[in-house]
Each structure stands twice: as structure tokens, then as C-alpha cells.
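Please read through the structure below; I'll follow up with questions.
Chain nomenclature is as follows: A, B and C, assigned in order of appearance, with residue numbering initiated at 1 for each chain independently.
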């Protein structure tokens, strides 16, 4: 009886103490940290660049009046196809028509004035020639003494007068001609202005924006309509500058339109903008579709662009989750005899799947810590597991 | 070890002071020699319990003299310093109820006293077994008190009272709850033990069944005792 | 001499263990409470350590970015980068918000981390438990497993969807909300760009304002709309220092020359513990005191009851010559044994219950050791009442009247 009691007490106490020691050692700060390991691999990675862009048109034709006025009519609406030279809208000509007519009339009148001035010149010329003839005759007569000297002088003076008259009439003709030219030019100008109230498309395309309706008063240069060539759409992509190494024209890309998220379309980079955005620290590039998708995506839709660069040569690589910091240095925790040891490494390029090249520091085949339950330091006790406990897949 | 029994002379116990004072014991004289079993009989309120408590060194008498064996233990004041040791080593108790410690087994209940006196466990247990054997309950030595019958428990209690070989045993109504057969057994055991271990035993009782067995009886009334010879009937 | 306490316990074994287990659960609650407090402090520490920063630069005169909202221009980090002693400086945004996945949403702290080489920019999660770090500049996320998200999940933050590419553990805000890391630009948009309705309203208001909508200046309205809807603020700049640089010195020079508020790690710790969790800490401290008092009372009551049941035995023991010391020791030993069982049960139950709590519960060995000694002390003190009572028992009671 006595012994049985002792046994039952022991049967309770011993497991209790055992459990106590177990929880003390296995959980809480005394327990070893669970880590997973990975071997340094040797492979060729293909880095990729990822950016987000918007669909834009290469050329945007903004149609608007060159002088302020009122809109008389707008003949197209958003979505209409237009051809080059097609009349899109008209401004109110106001008094331009009247001015053109007035100009025409004035030009006509000026022309008549020119004709009359020409006639005058003709008359003055014949007068002059006559006076010249007279003078010669009288000079001869004067020289022979048949007429008085004063008569010769009179004729000489008459000649001068006729010359002067001719010159004057000639000048008047030139003035009339000049006037005529002026009025013609002015009328031409008014006609040109009259022409400018007709807003025509400069190229084929689709109207994307209609910004004002008939009756609205607009200022010079204000946009009325936007026309784009739908065949010329491209994507204006922004890449983080830090991750834009290797971006170049001609590289192939995958374009993921937001509305068609699951079907990436092939494309290529056609231009890397020479001017980056200093504020947002992004490099911009233009990427086109290899084949335009149908239906066309709306301008302004977002797209995710992945540019695949060429494969790099085979190098040691590690997963980026294994990269750790200790103080100033970047490195990995190598597992030496079951203990973690920090090894500084120099990293190279990385790809979009999380693999990073190792330029120096560790060799392929070495075991390094991949995931860990908590932060480890050089004195930590670790135990290598297949999967960190508590993490479901 | 047995000494010359217990002798009480002129024991007085006063409760209270001045006008309110009450003498529970006025003047008590008793003598019990080793090996003798005497009865102490008296009505309730006669001072029986008080006398027992004084004898048991549980309360302090007011005046008088008590001698245990060769040692004067009280002479108007205690002459021994450690009353507890006195109780432990020199006085054995047997009560109405066995009052065994329920969480100790039979052997340990008895061995407890020598252990308290400082004896090593093995030796104490040996002594206990010796006494249990003498009382014929050794076959229950590993049992817990709750598993024993009333008579067996009482024997264990007696064994406990005797295990330190005290010169005197105070038995307080040891047969009160028992029937006549068992009562006679107990009183016979007490007599046997008294003879064997040369212990003086004072039995406080009013049990008619056992009174005839005493050779000497002390009657106590109003705080005073007087001695009478008893019948001294033998046991059958 | 046999152990009276041991024998008594052995005899009333079931009652003792039952009482011990009950006491143990109470102690377990106490230990867990202490663990909740430690967990809160650890949340703050972990938050600061995982950011990899030595200094936090925030809006002038704020306690941000965790204790108060703070807003800075996102180009300030460039000037900080040039200051002596600074190794790295990066922008970071924090916003506590609901992150949706399918039909449920999780309260998380969304952290915007600046693009940069792996491991070279403060703010990134320092270690993962699955997946990989973010490689794309947009629409990828690394989430803490406390969110319940898994690799490959698509989660929605404001108006964009993100693919979960990596998982972390113990990346939490000081309030215990799990973190979700996304690229900084996306986070800025999430934090500072309003929902579509609000943007529409803003545009309308701008157009209706004649100061902005001038006929002679085409394009003015569009420019204003664009400027209003671009987010170029961040909540803080995280700075890591070169080896050997003194945090306080660099902080002071930034404070003076850039006129910003800068906190070192120890200052951030005291802000977090002093301001953020001070109230909770007080509550928990009060709870602990109450629990300790309750435990003491219960132990005292139990021991007292156990002793009262033994009055007669104690009287007999005294009568047959047991020393007071021995009896007191018996009671004390029982009380300590009870405390021992209670502690063991409490520590085990606390360890098993801790992971089930919604917030992090950190049980450290010091707390357990201190708890053990406190429990022993409480048991000893609580047994005094019973001991006093036991000593008062009159051995004469064993002798009937």
C-alpha cells in the first residue's frame, strides 16, 4: 500500500518535472531557432525589368483656333474616324467675310486706279515726247534765227514741265500699283484668316477628346479637339532607376494590360527616354506591341511591362531571402558544423524571381541559411528543418 | 527505565485570583509503584481531568510536589525545563479514542515517539515492532489506522504509549467505548504491560466492568483524593 | 525522523494535487499576464530592430512615425544621405489599414519600402520564413504570417492588387498588427491618394474655382488636378549609420541643419514604452498585483483549511511531545509543496496557452524564476496564519474533560 502510493506520486511528479524542463528548453528564448538551409547554386539567370506604364498615342494632334473667337460648329465627336484635310470644326468668322468682300472691292477699285494712272502716264509720255519734238524743232529754228530766243526757252521750259509731269504721273502709277498690291495682300490676309476659322484634321485618326461645344468662346491656342492615330499607340513605361540596369532599345517585353491581366502580350522597347524623372527617380521608356491588340485599349489604361534581358553567364546564385545584414556588411549566414557564421558577400545582378548572383564570398555547394524563425546572430543555436513551423503553404 | 513509580504530594491547582479563585485540586496525594495499575475514579467536575493534566505536564499546578522515579519534576514549580521532552520520554498517554495519526501507518505511529526523541528511524521502527508484537498486532504493522478495527487501534495506541518505556502511563477512559469482552482485554493488556515493563499505570475510568480488577483505587471528589483497596479480581 | 508533511500529502494525495492544479492555473494566468506585458515591450523592440535603422527622421515636433502621424517630403532623404556618418537613408511609409483578400479583411500595418539593392536599404524585412523579397517595383507584397496570408495569395490594398511573394514572422507594429511590405510608390499612393469619389469631387472644386480655371491659361486646371492627386510624402526617413558614427552626434547635426526631428533607437524605445504602452503596462501591473493578492489569499485559505482539519492530530502530536518547530515545519513544507506543484502546472499551462493569444505573449526565464520565488514566498507567508493557529492548539484538548 505504502509503496503503491509512492509509485503513484512518482508517476505524477516525474512527468510533471519532465514537462517543466521540456517547456523551458524547447520554447521561449532558450530554444534553438528553426532555420531552413539552401545550397548555393550555379546557374545563369535572366534578369528582368518591371515597370508600370500607361497606354499613350505617339502623336497627339490638338486642334484649336489660332485666334480667339467663338465656335460656330463642331462636326465630329469622340470616337469618330477622321481623314487628313477633313473639316472638324468651324469658328465664327464674325466680320471676316465682310472684310474679305470689302477688301475685294477695294482691290478692284485700286486696280481701276492703276489703270487710270497708267493712262495718265501714257498721256504724260506723249506730251513729253511732243514737247521734246517741239523743242528740237524750235532749237533748230532758233539756231537759224527764225524764232526768238525766248520762244526757244519757252519750248525748253515746256519740255521740262512735260518731263516733270511724266515723272509725277509715273510715280502716281507706282503708288496706285503699290496701293493695289497692298490691298490685294490685305484681302489675301483676310481671306487667310477666313480660312483659319475652318479647323481641319492634319492626319488620319480618331477623335479622343472634344473639349468645347458650339457657342463657346475660346482663346487663341485653346484645345478644341484631340485626334490620335490609333495605330500609333505605345506604352509609356516608368522603371525605378535603381532597377533599370540594362534597359535598352530593341529588348523584348511582355505587356500586361490591366483590363486583360491574364494575357500578357509580346512587345519591344522602341525608345529609352534620354530625360528621366528626377523627382520620382524613374527612367522612362516607350514600348510598343508587336501586334496591336483588338479591340484597342483605351488611352490612359495602365499596363505592367516586363522587359526580359539576356541571360547572363552561369554564376553562383542565392535566393534573395538568404541575404542578410550585419552592421554595415551584406552577407549570408553559412552553416559551419551546425553553427551559423556570417560571411560577407558581394552581390551582382538579380532576376525577377528572387535569384541574386554572388560575385564573391561563397562558393557553389555551400550551405547557407535560407529562412529563419527569428533573427539569428553568431551565438544563436539553430536547428535545420524542412519548413519553418507555423508556415502553411 | 522503570524507577520508583510516581508520587504526588499535596498537589493543588487554583484557577483565578482573589475572591474568584477556584481550587480544582485542593490537596492530592497519590502514589503508584512500578508495575502497578491503579484506578482513579470520580464524578465529573471532581478534578479528574485537571489532575490528569497536571500529571501529564500539560498544565501548571499551583503548588505541591510531583516525583517521577528518582526525579522531582515539580516542587511548587516545574523542576524540569523541557516539559515536552518530559511528556515524550517519561509519560505515556492512552486516550479514550486511539487518536492515531491518520496519515502514518501503524508502525510509524508507534515509531514516531522514539524518532521524536532522536532515535534513528530503523531503531525506532524496531522498537515499535517489538511493542506491536507484544500487543499482538504486528501483523497489521503496514496498515493505515483507518484500516484497523477499533480494538486493534486501541492496542496500537497502547503500544505507542509504551514504546518509550515511560515510567508512568496515564490512561484516560481507555475502555469507555468498548464492550465488556474488549474492555477486559484492554485492562488485561495494561496489566501485562505494566508488569512486563515495570510501568506505573493510572487508569481514569468509571467503567463498572473493569473497576473490580483494580487492586487499589483512588477516589477523587471536590479536589481531594482518598485511597481505597479494590477487589483485585483476576481475569479469566 | 520521518517527514510528517510528506506523509500527510501522500495520505491526502488527490485533494492536494487537485488543489495544486487549481492553484497552478491561477499562477499560469499570472505568468501569462506578465508575458503579455513582455510581449508588448518586445513588439516595440522588434519593430525597431527589424527596421534596420539607427535613426528615425520624422516631421518636426512629432513623436512619429509610430506614436504620432508624421509627414515629410519624399526627397528629404537625399539631403540626409549626404550628411557625415550616414551610411544609408531611405524613405518609409506606415499606415494601419484593412488589407483585403477575397471576402475577408485583416487589419495590418502597410509598410512602404524604398526600392534598392537587397539588404542595402533600411526598412526591408531582415529575414523571411518563406518565399522571396520583393523584386518588382510594383504590385508585390511580403506579408507576416500573422495576417493569415499565404504565398501566392492576391491581396487588395486600396485600389491595387498585390501578389504575396514572401512571408515573415514577428514583423508587427507596436500595437501588434501584422505588417505587410509593399513598394514605396504603391504605399504612397495608398496612403495619400484618395478614393475615386474624392478625386472626382476635388476636380470639380478646382474647375469651379475661377482662380484656377482661367480661360486665358489653358492647361492650368489639369496641372492643378495633377499636383493635387500625386502623393509625394512619406512618414519617415530611416537612417543607418556608418561603423563608428555616434548616433547622437549624427542625430544632432540633422536636427540642427535640416530642422527636422530625429530620434535615436533608445529614444524611440522610450517613446514606445513610455507613451504607447504605458497605459497598458499600468493596467497589467495592477492585474499582476491583484492576481498576486488573490493567489496569496487562496493559498492561505487552503493551508488554513488543511490545518484546521488536523487540529486533533496536532493536539495529540503536541501532547506526545512533538516540538512546535516540527509542527510548524510540517505546515510550511505543505505550503511550499503546494506552491511547487502550482508553479510547475502554471508554467506548463502558460507555455501551452501563450501561442493561442491574439497578441504576442513572451515568457522569459527571468519572469518564471522570479515567479517561482514569489510563489514560494507567498506560500510561506500564507502558511503563517495556519502556523499561528496550529501553535495555539492546546495539547490538553486531547485529554477529554
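Definition applied: a residue touches a chain if its C-beta (ideal position, glycine included) is under 8 Å from a C-beta of that chain, and two chains touch if they have at least 3 such contacts.
Here the structure is a predicted model, which is why all the values come from computation and not from measurement.
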- Most remote chain relative to chain B, going by C-alpha centroids? A
- Item | Chain closest to the middle, measuring from C-alpha centroids that were averaged per chain | C
- Give, as an integer number of Å, the spacing between the C-alpha centres of chain C and chain B. 69
- Note on the structure: Separation of the C-alpha centres, chain A versus chain C, in whole Å, is 50
- Query: If you average the CA atoms of chain A and of chain B, how many Å lie between those two points?
  - Reply: 119
- Message: Residues of chain B that contact two or more other chains, please.
- Response: 144
- Query: If you look at chain C, which of its residues touch at least two other chains?
  - Reply: 10
- Item | Residue ranges of chain A touching chain C (in the complex, touch as defined) | 5-6, 8-9, 12, 16-17, 19-20, 23-24, 27-30, 50-52, 217-219, 221-223, 239-240, 242-243, 279-280, 304, 319-321, 323-325, 327-328, 330, 347, 350-354, 356, 371-376, 387-388, 390-393
- Item | chain A-touching residues of chain C, taken from the complex the two chains share | 10, 13, 17, 49-50, 52, 75, 87, 115-120, 126-133, 135-139, 145, 150-151, 165-167, 169-170, 185, 215-216, 218, 232, 242-243, 341, 344-345, 347-348, 351-352, 362-365, 368
- Query: Mind pulling up the chain C residues that touch chain B in the complex?
  - Reply: 1-2, 4, 7-8, 10-12, 312-313, 316-323, 326, 394-396, 398-401
- Message: Applying the document's contact rule, which stretches of chain B touch chain C when the two form their complex?
- Response: 44, 49, 52-53, 56, 58-59, 84-85, 87-89, 93, 95-96, 99, 101-104, 108, 111-113, 115-117, 121, 144, 160, 172-173
